[in-house]
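Before any comments, here is the structure.
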Amino acid sequence: MNKVVSGAEEAIRDIADGNTLMLGGFGLCGIPENCINALVKKGVSGLTCISNNAGVDDFGIGLMLKQKQVKKMIASYVGENAEFERQLLSGELEVELIPQGTLATRCLAAGYGMPAVFTPAGVGTEVADGKESRVFNNKEYLMEMAFDADFAIVKAWKGDTQGNLVYKETARNFNPLMAMAGRVTIAEVEELVPAGELDPDHIHTPGIYVHRIFQGRAYEKRIEQRTVRTRE
Amino acid sequence: MALNKEQIAKRIARELKDGYYVNLGIGIPTLVANYIPAGMDVVLQSENGLLGMGPFPFEGEEDPDLINAGKQTITTVPGSVFFDSAMSFGMIRAGKVDLTVLGAMEVSERGDIANWKIPGKMVKGMGGAMDLVASARNIIVAMMHTNPKGESKLLPACSLPLTGVGCVKKIVSDLAVLDITPHGFQLLERAPGVSVEEIKAKTAGKLMVEGEIPEIVF
Amino acid sequence: MNKVVSGAEEAIRDIADGNTLMLGGFGLCGIPENCINALVKKGVSGLTCISNNAGVDDFGIGLMLKQKQVKKMIASYVGENAEFERQLLSGELEVELIPQGTLATRCLAAGYGMPAVFTPAGVGTEVADGKESRVFNNKEYLMEMAFDADFAIVKAWKGDTQGNLVYKETARNFNPLMAMAGRVTIAEVEELVPAGELDPDHIHTPGIYVHRIFQGRAYEKRIEQRTVRTRE
Amino acid sequence: MALNKEQIAKRIARELKDGYYVNLGIGIPTLVANYIPAGMDVVLQSENGLLGMGPFPFEGEEDPDLINAGKQTITTVPGSVFFDSAMSFGMIRAGKVDLTVLGAMEVSERGDIANWKIPGKMVKGMGGAMDLVASARNIIVAMMHTNPKGESKLLPACSLPLTGVGCVKKIVSDLAVLDITPHGFQLLERAPGVSVEEIKAKTAGKLMVEGEIPEIVF
């Protein structure tokens, strides 16, 4: 069993035009920078991307949008991106907006082998259009289907050679959920360690869910909204 | 005089109770954190995966791995805990968050809320708002009573696409504090110097006014 | 907010006859010993207990069974307990056996506010009797309902004053799931620390799910099947 | 001569592949761990919440917090990871476990399995067996070909209450190795010295025998 690959290029080698990809991260926090850059370089196109956000104009998924590699974006919030807006309004880009909790839970469902889940999010709104709804204990829920993605691409803080992953702070977000949900899961990590170095009580993603892993390079970790307070 | 944003936040903060877990939306709701009474233990949830959100970091101490749901750099307080987005919305959906405060473009007299989409304008998405309003046990909306044209945003029925149905429990606007009841908006308090008549005039939805309506005192 | 109670007696003070309790643990591993002993002492009866197993004759839930405090047992495996068998065969005790993964997932569903989940476990067997089944992607699933328990009683390794919990090794098992699923959740821990001492990246149960916590005493941590190998 | 338990385990171990995640049931399946070929990386899953199960501990090193699904004290190997029962069955249900090996009281020619309940006897429960058989991508059953009375346990249809339907892919019994195909049991190998005729006589379900059936060689 050798899950360790040399880098992003090798990790994404078989991602093809028209594939469905999940990309971890919330805003620009915890996004798989190395893999995104490699996808941009590879130039693969016609992609369906499932990710909470769509990056900004010059970072994250925004870089793939700029190159028109994305056919469809499935996300909960897509602000902060002028090129995205342009492509959306011109009809070049298809967008499916879904509630953030529904997005997360549809990943969980895939990772846990549950074909569908029930959530009240979106009941009585346009999100419910065409969906089956059902009442349990006098409350209405929508039935939402598990995702089925060709690849999940996630970013972790530390990982080991068995594919076990640990995330840092709020860079965790969707990463462990998508890691469980991909048919093939690619993990890039800031620090790759030998199996046995991570505390087995404190691994967020068990390696059974991870197929390829590599230590990423030159993380920019850009901050989207730098907010500070001044010292008194 | 109508309340300013800080005063709206300050008034909402009076709804907090010791031991509450609270989710504060972007904008005015965020300001509520500044008015948590001293000695009261309130834990802030950020739906991107944090319980125990603290204030913004001091300059130079920003951590790119530590942001809130508004993507702002933040800090944590002792006892904080990080988790993934499924657990975050899991605890929201299970009703473990005691209070959710968020903004709105429109609220109906039945408690429907619209705050994510304006037809004809670029739609950025609902983020976690639909999950929060569909699940929270107690939702307070912080909003302006009217739009810039002076038209009421408290309506018989929302005109904009809905975020959630029958979920809002209370509104703190720049003019008044109102509960949503089975009989429509119920006026509880008015901003200092704002008359009941003005509130009536600026509330398009059904408004219940019973007895004397006290002014909000700060 | 004060979640810390003095001990098991205070923690279980309002558990009443006829309540439904969830009890964490797998076999005798990670069971809430202090609370079980307090329940035995209190003598509360007519309980419905949801737990993966039912203890052994003289330890764990077996102690409650011996006192006939349990009206109904919901579990996946109930061997290793002669008194249990006697009460079951005599009709004194009602037993509902459900697949282990279904048990776990029905806890998760409760903790995540999902009223029902789909699982293929039990399709075509007597477990499916009376349950709604449904086909997704050519595979049949049963719809299983979230649990609704008055109290969840769990045992963790460490906990803090905010109710955050960390489990050790396979003593984790059902504990974090039940911790999320109880209307009132009681946690006993081997070591109670001040808020801020646990690493926020490595907490298994966020305190929001925990209502009462105390440091337990005199853990026996009995081993059910002692298996060893000899040194060469 | 019929295979003994160790030989059944040894034969099953040949089905392992490098990189496999494997769940081994109680009894003969547990013994398979002793025959993982040297240099082959196989990770053992224990459904109570562990990936990377190691051998039993040395005497005096038993840890009450570290057991397998059979409640036996065990150890871990480097790279192991603990998780809760929902995640454990989540990864099973999602088909991430490559191979499940378990025992059976009866298997039908359609791959149905019965291994948890005998009417009239005390029923201890199905534990995780129903989840495993309903979800695993590849299930091998380790079993005796006949019961103590000499009656076949490979049947046209199970007589005992089922654990799962149409799920078993392969059987390694004390007499033979068989696949479950759309046409019934297909004989692949026979225990050393056991004739095809004996296997036929002791297989009540439909048995396909094509060409020469080799003996298992150890």
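Labels for the chains are A, B, C and D, by order of writing; each one numbers its residues from 1.
Basically, a contact is a pair of C-beta atoms (placed from the backbone, for glycine too) under 8 Å apart; a residue touches a chain by one contact, two chains touch by 3 or more.
A quick note: this is a predicted structure, and the numbers were derived from the prediction, not measured.
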Practice problem: Consider the two chain pairs B-C and C-D; indicate the one with the greater count of contacting C-beta pairs. | Solution: C-D
Quiz item: In whole angstrom, what separates the CA-based centres of subunit A and subunit B?
Solution: 28
Quiz prompt | Separation of mean Cα positions, subunit C and subunit B [Å, integer] | solution = 37
Self-check item: Computed distance of Cα centres, subunit D from subunit B, in Å
Solution: 56
Quiz item: What residues in subunit A touch two or more of the other chains?
Solution: 105, 112-114, 119-120, 167-169, 172, 200-201
Quiz item: Residues of subunit D touching 2+ other chains?
Solution: 82-83, 86, 89-90, 92-93, 135
Quiz item: Looking at the whole structure, which two-chain pairs count as touching?
Solution: A-B, A-C, A-D, B-C, C-D
Exercise. Over in the complex, which subunit C residues touch subunit A? Could you list them?
Key: 105, 112-120, 136-137, 139, 141, 145, 166-169, 172, 199-202
Self-check item: subunit D - residues contacting subunit C, complex
Solution: 46-50, 55-74, 82-86, 88-90, 92-93, 112, 122-131, 134-135, 161-166
Exercise. Would you mind writing out the residues of subunit C in touch with subunit D in their complex?
Key: 26-30, 52, 75-79, 85, 88-89, 97, 99-105, 107-108, 119-127, 157, 167-177, 204, 221-231
Quiz item: How about subunit B: which of its residues touch subunit C in the complex?
Solution: 18-19, 21, 41, 43, 45, 51-52, 76, 78-83, 86-87, 89-97, 135
Self-check item: Sites on subunit C touched by subunit B in the complex
Solution: 1, 110-114, 160-162, 164, 180, 194-196, 198, 200-201, 203, 206-209
